[in-house]
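What follows are several structures.
The two complexes that follow have chain A in common; it is paired with chain B in the first and with chain C in the second.
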Partner chain A sequence: MEWGFWLAQAVSGLAGASALFLTAAGLTLVFGVCRIVNFAHGSFAMVGAYVAVTLLPPLLAWSPSLSVFLLGAVLSALAVAALGAAVELLLLRRIYRVPELFQLLATFGLVLVIQDGVLQLWGPEDIPGPRAPGLGHGVAILGERIPAYDLFLIAVGPVVLALLTLLLRATRFGLLIQAATRDREMVAALGVNQALLFTGVFALGAFLAGLGGALQVPRIPASGGMDLPIIAEAFVVTVVGGMGSVPGAFLASVLIGLLQAFGILAFPKITLVLVFLVMAAVLMLRPQGLLGRPEPPARGAIEGLAALPPPSPPLRALAVAAILAVAFLSDDYLRKVATEMLVLAIAAFSLGFLIANAGIVSFGHAAFLGAGAYAAALLSVRAGWPMEAALAAGPLFAGTLALLFGAALARMGGIYLAMLTLAFAQITHAVAFQWVELTGGDNGIVGVRPAWWASDRASYLLLAAALVLPAIWALRRVLSAPFGVLLRAARDSEPRALALGLPVVAMRVAAFALAGALAGLGGAVFAFSRGSVDPTLLAIPQSVDLLAMLLLGGVQAVAGPLLGAVALHGLKDAVMPLTDLWRLFLGLAILLLVLAFPRGLAGAWRRA
Partner chain B sequence: MTILLVENVSKRFGGVQAVAGVSLSLAPQEMLAVIGPNGAGKSTLFNLIGGQLPPDSGRVVIAGREATRLPVAARARLGMGRTFQIAETFRSFTAQQAVEAALLAARGAPFRLFARAFGPHAAEARALLAEVGMEEAAATPVSTLAYGDVKRVELALALAAAPRLLLMDEPTAGMAPAERGALMRLVRGLARGRGMGVLFTEHDMDSVFAFADRILVMVRGAVIAAGAPEAVRADPAVREAYLGKAGLAAALRARRHG
Partner chain C sequence: MTCLRLPRRAALLALPALALRPAAAQPARGEPVRIGELNSYARMAAFAVPYRNAIQMAQEEVNAEGGVLGGRPLEFVFRDDGATPSDGARVAEDLLTRENVAFIAGTFLSNVGLAVADVAARRRRLFLATEPLTDALTMAQGNPYTFRIRPSTFMQTRMLAEAVRGRPVRRWAIVAPNYEYGQSAAAAFKRLIAEAIPGAEIVAEQYPALGRPDAGPTVGALSRARPEGIFNVLFGADLIPFVREGQIRGLFENRTVLSLLTGEPEYLLPLGAEAPGGWIVTGYPAEQIELPAHRRFFDAYRARFQDTPRLGSLLGYVTVQMVKAMLDRARSTDTDAMIAALRGLVTETIVGPVTMRVLDQQSTLGAWVGEIALEGGRGVMRNWRYEDGANHMFPEAEVRAARRL
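This part shows the complex of A and B:
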């Protein structure tokens, strides 16, 4: 390989890093001041891209010059800033005091709403952006043709960093941002108009995200699926850089950008895995991130849900009776639905266990559901394993994956862990999507057949019940065993648990592995029921469905997550045929739930 | 014989030197009080000893073992227990369950998946609650207890591990005067009976002078006086520190009103 080739890789990586930095800087500023992790920040970048591809062509037709191009990009970013201000005023302002879990969920509701909004306004097709006038050509360096626009983007990063630094150091607004990031109470006590400060910062953050999205359009078309990959990368960058630190975000985005560009050479299919490994390594050495302050806000557990209650015998009989009735008295359609409900139930239960008892909020639990499904499907179809062995391998693989993830990152705790679970799930999804030779890419793996003795729907339902129900009951036993009880104790008070000598981090890792394995069992059962697996199974929306089930069903009642699974499934079946706006509907429902019951639903939630 | 040895520990937060070169030692059975005005650095000192914060410099030795860099849980296994200025308890449990959980934690085996958690230590938990005067509230959720009661449950949680060294940061805050004496008497009884060393802070001077064997006075991070209660009471530097503060407060009041 030649020098020119390496240079081209580096330029491409750094150009991507610039756009990523803009978005991540906005996220980190907002978190520093408002202490809210905005899951919709990637959606803002996406809106910026869409506004830019709409605004730029007429502007450039009027006057094709670079300055008009830049003007268009800034106008797009301003439109996003206005959207951000509106979101802050209408939504976030009301939820600064609710438990973190609900804040995260509310901003996720926003992600869903914006996804459908963008789909309605701009349609499902990707829209390529215009080229930047004067920068459409390639520059020959070391015999390699380097896009001029990439070179321009590389310059944008440091320029924006310099402007932001100036803003933070030399303006009153900037000094207030810095002061609030260091000590919020102090700024409030000094009589600063906090409401205005928060709105301003949020608008600034949205502006940066919008600019990041708008400036990308000459390289990458605007598309409806870009929000989640962007937010996942931005999460990694802000956590690695140090939450609240703008220079940290710059450093981390350059690191991640280069890693992706050069990782392609070493591990073409799994660059993202490399990113993840580097992130884990950085965080092991410096939990506060590269330039984060040494003592990050220590929040070991996220509050929000009451702990799952211990098991209750009568319901077991009821569940068994219901399954038998469906297996012997109904038709194949209902048997299939019942099997899938069992799958969702164990996935939701295991997630409920993590959230409510361990205080670990995972926005990527579907990654383990999917990992179990893929492991079982691959072993069955590609390696020819018998169904029984493949079913056993699913939870083992998912549990191991969860163990590795937990061991790398469980020390982070709280909100950081929630962000990293999302990033991790996004990476898992990308691997399933991109590693076409192994996973079949978008099409997934088809032809996953059960063994002869379980090949009719009734037998398979009975098999699924025989696997899933005991697993759920075993998990419920764990809740009232020393492990479950002490996990909950550590959720209530990490300082107390540590002062009593409990290995809190190791316990959380074990909880993560256990929950991952159980979700993986569900996934393996699912693979043979559906007959195929594809990447949607481990995509973020699937993870959100699981969270929505918990939100709908609550975890206070023994059957809560199960009822939630039934309710969500039913709702989807009822709503989807009527309208395409399922995500809008779900997103609004989540927002309404959080706004209407900031202290929780029907006593199912703990103190605010 | 010392259960705790602290040598010259310091901690700075930005511009604030919260703890400035503090040394102390504590013997089994001894009750050592750290007093000082608000912001003197008492809680920070406790957090340096307890492992909640790393010191910038200095050394902490617990039961003869170098512990300066040990994590909190490892210090607990050396026999250190503590209570916090703002009580740290298990809010989603009843008082009885919380103490049972603490006993489980202290006995190890946190990874047992199928044994019963509640029950095996019930009698012991009840006895501990009775010791801190909370047997009546055994079935009450910790989240609904009055603050003084929460502090007593917290003490029971700390005692569940049978510590040889107990740190208590303002143990009687939020209690009625009569209850304070009872609680401190209990702790002194345990110190003498079990040979436990106790390091505590208190704003209630009656408790301090009645129960401390020795007193350490901190002002702005540094120790300005140490010794037996009577000697400390008579120390002019201590008088000045407290009176000086009172004088300053009076001056501020005068200025605000004038």
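This part shows the complex of A and C:
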């Protein structure tokens, strides 16, 4: 009986692993060739599931057989492949010349558009898919009933792996994919039609995502919220396996599927963080993932970017005048929105400092925003500290946390480092989420009130400005100081910097701590403005928002993150009251801005 | 000539309408009483849109019959709360600052509800929380400006525990989504089942992540503990895979299953023919409720929206009824007057009288507890009865302790 149980548990885990592998294989191929971190990959899987639940019932009514079921799944995946090709042709094609991170912003806009598109096309209710004919029952093995469909899914994973391996090894398209994954410039120099290759790979990636979504429908319903959980797990699998490595993705899926199946027996509440713990552990031991190669140097992303010139005096005057005007001439609501914009601006600015100068792309920067907010809120509400002290404690706590994170990951680089920041942020999120006695869980902490002299919105806005603007000024000074210059030296050529005897790792850790502290300052200011804090402040969507603000505004000017924060937050604020379809409009606006200002609103992003 | 004939024609046209309405009713006019309503219309559309439909329907009925406060029309201003606490708090401030609303109402997610309640406390304005379930809203984090309509997590859990009182089901397994709602339902259940069934013990607990349904391992872990009963808190997109996997693997056979919210049309309809027969659930058997007022609501809703009302619709309609009763009693839109009116307010709703308890500002609106049965290829609730919320509230001493009264 007990053996039967272990077997059943393993089968469940492996079936989940197969489904995960299909989606992750697409993501890893796209990343390997196009170097795009495709946030919309989960959305493609969601569309695949929705097409499947639409297509399969009539097909199965016509002929209820497993082959027709498979035909329906493949047709759904082909539909998603067409969607992927269209996205590549109409959108990504236009922005390959800009640094890679911008494509991430575009795919983020796409996520929003697809969310609302799916809601409009298929309605808000979850749609369960039909069961696969002949596989809807349980098979009795060792006294346990094991779903036949799980056994089928377990077989699908290796079959797809074999087919993909065949494709990669035995066809010209596949060889080009492999070549481009190793050295894109060389492939281009040899005269290969890159445009066609990219479209093909993107469509193949979307096909695999769609297939993953479609084959899941007998197990999980098509629902409008499935995209983000799928992309989060697919990212983890891709990174753990090694970006660009299909067998690595398979290995990682199996590892995660099994850990999931058996981990919950010992730790039933570990479900939120398990995959991120695995990712952190693997990357600490093997920074390029299980089967990945050390990453080729990123092409022309930020190398050569110099110190930020100080904003021109008229610009500074304009910013101060705008804040004074809002503080004295507008209403309380605008004051609150302006305060939030300042908070987001300092967080985005500190993120920009990391990305542009230290070469550290952080996908988890909201962790520090949230850490600062939680520290301030807890000290104020639970310990009764005065606002002034709590505001000071926010950046201290966030800076300390960033110091610890920085020490753990300063030796890494590139996309793996970015993913590790994401993992750490998720672990921080889980602590806030599950340490209910201290943090109030996802309900958070309410009743955070500013001191009497800052309790009206105008005073508080002025206080926020008095904290945030000097902080931005100081950080810009740091960039021009020797520390900033040396950071950039290490960013552009780590071997040379090391040869000069620079303490590269220590400098990166210091930069990380500084950026974390400033984001924490923003968080502390935010806690007293909103009056409550909760885990969404340090969740992935908040990190993505910060990244979007930074990219939208541009990294090349001090005003960039400020502009980005004002633009994105203002846009959201303007669109949300108008329509239920605000995600669609927000997403479209981001896409338009990316196409119109591919280097950010505030000027060009210089290339190396 | 034309001038003389027009009024007569107008009067003729108005005759049928007059025959249907109480003689005194005049359509409302004058400056509207504006109410700011915020909810997750994009993220939780399955719940929020039927809710808004019913509010609009009820608002038009109230206005056609003379409105409120001596003939002023009600006007709900609907906003999306972005489904995050930060957005929700901001939208609440927007409504209070710029939209000139008398008070705010709504929210679906618990953390959004708490953040908005905090805005209300800070701005000293009334917040009528219609849908969020968390007990914290009326207990530890309750504030004098926040009132809740929907029966809370604790109340619904208690209804289910009472439904199996004294049954010889001792070994229980719990499965709940890994966030506050799931955790507090699980905690309440542990406590209540021990009172309802002497000797009851919890033999397994599973907390899958919300929205990341991987049902196989969860079902395996539960069945391994060989429970006699299962308490389920999963809903929506997490519930369907759990039910499928559990049915294939025989998890529910010969076991008592209690399940929160599963009888609500929002969650029962998507299950279709796979609705798990025999589960004891809280829910809303809309088409079976024969109370005349409810029947009228049901027919009117179906005629207007070509769809059956969801639980959200019921809540929306009851909300408007309570708002009208509150304004009738307060005779003004002054916040203090409205709060005084709400405390202890008894509203004759379409499902019977509902009281707003003074102590924790929680309404006594109840829920329906029954068994799921499969009929005509879909799940329906059978053997149900309406559990008045008044019998399932938190004990007064606990409220006093939690709210530090």
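FYI, the second predicted complex is superposed on the first by the 313 of 608 C-alpha atoms of A that agree within 3 Å, B and C clash if a C-alpha of one lies under 4 Å from a C-alpha of the other, contacts with A are read in each partner's own complex, and residues count from 1 in each chain.
Throughout what follows, a residue touches a chain if its C-beta (ideal position, glycine included) is under 8 Å from a C-beta of that chain, and two chains touch if they have at least 3 such contacts.
On a predicted model such as this, the values are computed, not experimentally measured, just so you know.
With both structures placed on the common chain, the touch criterion links A:Arg488 to chain B but leaves chain C unconnected. Contacts of A:Ala499 after superposition on the shared chain: chain B is touched, whereas chain C is not. Of the two partner chains placed by the overlay, only chain B lies in contact with A:Ala510; chain C stays clear of it.
Of the two partner chains placed by the overlay, only chain C lies in contact with A:Met226; chain B stays clear of it.
When the shared chain is aligned, chain C comes close enough to touch A:Gly138, but chain B does not. For chain B in complex with chain A, the residues that touch the partner chain are 50, 52, 71-74, 76-77, 81-82, 84, 88-93, 97-98, 101-102, 104-106, 109-118, 143, 154, 157-158, 160-161. The touching residues of chain A, when paired with chain B in their complex, are 306-307, 474, 477-478, 480-486, 488-489, 491-493, 495-504, 507, 510, 606-607. Residues 41-46, 49, 79-80, 82, 84-87, 89-91, 93-94, 97-98, 110-111, 114-115, 117-119, 121-122, 134, 136, 141, 178-180, 183, 205-209, 211-221, 224, 236-237, 240-241, 244-245, 248-250, 266, 269-272, 274 of chain C are the ones touching chain A in the complex. Across the interface of their complex, chain C is touched by residues 5, 8-9, 11-13, 15-16, 115-116, 119, 123-128, 131, 136-138, 144-147, 150, 218-221, 223-226, 228-229, 233, 260-262, 264-265, 268-269, 271-272, 331-333, 336-337, 340, 433-434, 436, 440-444, 446-447, 449, 530-532, 534, 536-537, 541, 572-573, 576-577, 580-583 of chain A.
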